[in-house]
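Going by the order they are written in, the chains are A, B, C and D; count residues from 1 in each one.
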Amino acid sequence: MNVRQEVYRAVAPEARDSAGLSLFNLFVVVTIVAAITIAILETEPTIRVGNETSFRFANLFFGSFFTFEYLLRVWSAGVNPSYRGARGLIRYVFSVSALIDFVVLIPFWLSFGIGNTAILRLVRLLRLVSLAKMGRFSTALSNIGKALASRAAELGISVAMAVAVILIAATVLYTTEGAANPNDFGSVPRALWWGVATVTKVGYGGAFPVTVLGKIAAAILAFGAVGVIAVPTGILAGSFSIAFRSSDEEQE
Amino acid sequence: MNVRQEVYRAVAPEARDSAGLSLFNLFVVVTIVAAITIAILETEPTIRVGNETSFRFANLFFGSFFTFEYLLRVWSAGVNPSYRGARGLIRYVFSVSALIDFVVLIPFWLSFGIGNTAILRLVRLLRLVSLAKMGRFSTALSNIGKALASRAAELGISVAMAVAVILIAATVLYTTEGAANPNDFGSVPRALWWGVATVTKVGYGGAFPVTVLGKIAAAILAFGAVGVIAVPTGILAGSFSIAFRSSDEEQE
Amino acid sequence: MNVRQEVYRAVAPEARDSAGLSLFNLFVVVTIVAAITIAILETEPTIRVGNETSFRFANLFFGSFFTFEYLLRVWSAGVNPSYRGARGLIRYVFSVSALIDFVVLIPFWLSFGIGNTAILRLVRLLRLVSLAKMGRFSTALSNIGKALASRAAELGISVAMAVAVILIAATVLYTTEGAANPNDFGSVPRALWWGVATVTKVGYGGAFPVTVLGKIAAAILAFGAVGVIAVPTGILAGSFSIAFRSSDEEQE
Amino acid sequence: MNVRQEVYRAVAPEARDSAGLSLFNLFVVVTIVAAITIAILETEPTIRVGNETSFRFANLFFGSFFTFEYLLRVWSAGVNPSYRGARGLIRYVFSVSALIDFVVLIPFWLSFGIGNTAILRLVRLLRLVSLAKMGRFSTALSNIGKALASRAAELGISVAMAVAVILIAATVLYTTEGAANPNDFGSVPRALWWGVATVTKVGYGGAFPVTVLGKIAAAILAFGAVGVIAVPTGILAGSFSIAFRSSDEEQE
């Protein structure tokens, strides 16, 4: 087994029979998490100020490491029969997985030119996608995907019902509360902010009705919200219950 | 195939064998969403002021288009054997679907006379109902409806239990907190507002107990609220699980 | 059929073969709901003041009606073979259902002596229990009861885990936040109030951590809370799914 | 049956055929709950001040009782054939259950030296773990454990998706709200605090977006949060549904 084959076995998840990550890929995962954490912390002024050089150095390291890792993957891809030869190389470079790896590299090198842009940095999150297809997680993702897809129409209807409930509630509260509380309920879009917070149960403290009619309408909506949440949860539960059973039966 | 038959195939959802919307109905859906969005934005003073003419024009367009669409549906309905002839036409005009289409037209034309009434405008939402009966959504709606109907008694009892829990909690907090916090707990109706917010977990910041006894009662209620939400969710999940299984078996 | 038998058929739910309420019992349900609503409204000063006579009159009516209804039930109970004769009468009077009916009467008559006591008035809620055993609701209640009972141990453990999670979180926040925010986190009991609000997701605006460590601990708890809610919901869903299936099979 | 055997039957849960606790162990449970309650109340200044002697006395009692109980367990362990003889004794002392019992004793005796440390006191909670393995709870715990373990990969992915959703949302709000509300959204870590509160639906009143773009992003996140909560709940429900069915089938 030559060096290229050994590198391939280390970097390509599909090269392993068993579930789990190779030592190299484990290190890649840790590095991705570290790079994301650094990108998050760098946005906090109380941490950034005084540590600019350290952050610059860390980003240089991450950028170099991910570039090196990308080149290793491209170089060793040819070991896989599907990516053999010059045309195989081109096919690999334009595969979804390799494109994600490449896209993630761009902000690293850009960041030295155009400064601190958090959204570009978080492109790193994309890398986690390329690792999700490995081992046990692949079956799990496919289970979740199948469960969601098999009841897409039911889930779509429950979202549409939620939107309709919120629209109706926002209109009612705009009508009943608009005069008493123009800042929060003076228009349907303003009342929608309250409606979303109530139905999704986030419950921002800022906006709530003060008139008796408004409070009654809000209480009815709060009750309806239980159904708005319970219906999609119930649909998902029913769907997962079937998906897991058929997945268990396949394995037997 | 004459013009009337072609119009029928374009406007009537039941005329298509395959799932999904015809190009015309797709445009109708987009127009309904646009009309609702315009009606919502028009209530916001910072958007309306200065754009009155644009909104007036948009509403004129929507009113004309939906009227035109309604006339097309009435004119082409006779292609369907169930609505053939003069009596068929009357039967179509008084069908639920056509009545909804007609009711939605009224506020468009009224709005030019009686001004900006958000609730009338949102009657447009009703139109979405008439489109929901198409294709895949029809099976999905029937699945959801069957699941809800088959456990209506259990869901009714869980709602009754929630109401009883809230009433008891509100009475307890009126008794323990009424003196210390008369504004929020000075009567059972006032305490009910807090009770609904707590049990449905919306959690409006405004009202919460300050005495030790009140806090203990509120904590017990908050715990009970988990059950109040979990029981109907569990009922729905169990019900959907059965409904989906029998729906899958029917298709096989 | 004599008068007593006809009264029996009107007042006793077990006298009817079909599901649903007799006309008399339907009126009783409406009266109970009205009596509870009046008792709630009476506690609100802005409604009570000026309407004392109306409320007094309403309560006199409800007290008289429920007393009359109670006497009808006692008088006609003997039609049922289980309650025949003098000893049957005594057995009926001390049956759970009749005792509830009697207990509910007490606060009506007391209220004329000892004034406005909301908790006594809400004893009226108990009456709803005696009506819950009828028709379809009886099967539904038994389904819910069986589902809860069959997984009582699992539900108990999930409650115990929730309590343990809250206790640990409250202790951690007492340690990390106690100095910075003594009013809300200066002792474990105070931090418990925050812990319950967070885990049950009621989220009272009053208390939240301000230090970095406290916020990290609170964020971890908020994540854990998803599990604390999801586990009992999942248990109930699984349990209802089995209960409904066996209930459906019995009916076939 | 000698004294040692009788003590063994009283203290060792595995010595009883039937489910439930022996009288002695019931007393132990009550004492553990009392000890935890005392440890909690002791941290509250308004309760502690003036009652220092009572708390000291209570802790002395609990420390002595748990030490006495620990010695009883060690002494009687040899009745169990697995722990016979000197080597069996050592094996018992280093068993998980006995180690927990011992670890819990340390803070009692330390507390007389190093004063009031709430976290040490709450080590008492650990004791509940050692009691959880008894009777019916043992099956229930194993049911819950099996349900969680069988879908660990799916649950892991749903947690990862939740983290990714929160990270993306926090970055978006840092970008849209950072300038208008630097205190709450001036960096990704600050925005994360809001993101966690929104997605887990705790909804602390403190931080919420004020710009239009920020509100739209927050509303989208609030909607996404329904899925973030519903997916793991659905997975658990599906998993419990299967676990309960196979547990029921085993018992038959």
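Operating definition for what follows: a contact is a pair of C-beta atoms (placed from the backbone, for glycine too) under 8 Å apart; a residue touches a chain by one contact, two chains touch by 3 or more.
All figures in this text were calculated on a predicted structure; none of them were measured in a lab.
In a homomeric contact, the two copies may use the same or different surfaces; for subunit A and subunit B, under half of the interface residue numbers are shared, pointing to different surfaces. Relative orientation of subunit C with respect to subunit D corresponds to a rotation of 90°, obtained by superposing CA atoms and rounded to a multiple of 5.
As a whole-number value, the distance joining the C-alpha centres of subunit B and subunit C reads 29 Å. Multi-chain contact residues of subunit B (touching two or more other chains): 192, 197, 201, 203, 205, 229, 233-235, 237-239, 241-242. Those residues of subunit C that touch subunit B in the complex are listed here as 36, 39-41, 43-45, 47, 118-119, 122, 125, 128, 132, 136-137, 139-141, 143-144, 147, 159, 162, 192-193, 196-197, 200-206, 229, 232-233, 235-245, 248.
Contact residues of subunit C toward subunit A in the complex are 201, 203, 205, 233-234, 237, 241. Taken together, the subunit D residues at the contact with subunit A in this complex read 150-151, 153-154, 156-158, 160, 164, 167-168, 171-172, 174-175, 186-190, 192, 197-198, 201, 203, 205, 208, 215, 219, 222-223, 225-227, 229-231, 233-235, 237-239, 241-242.
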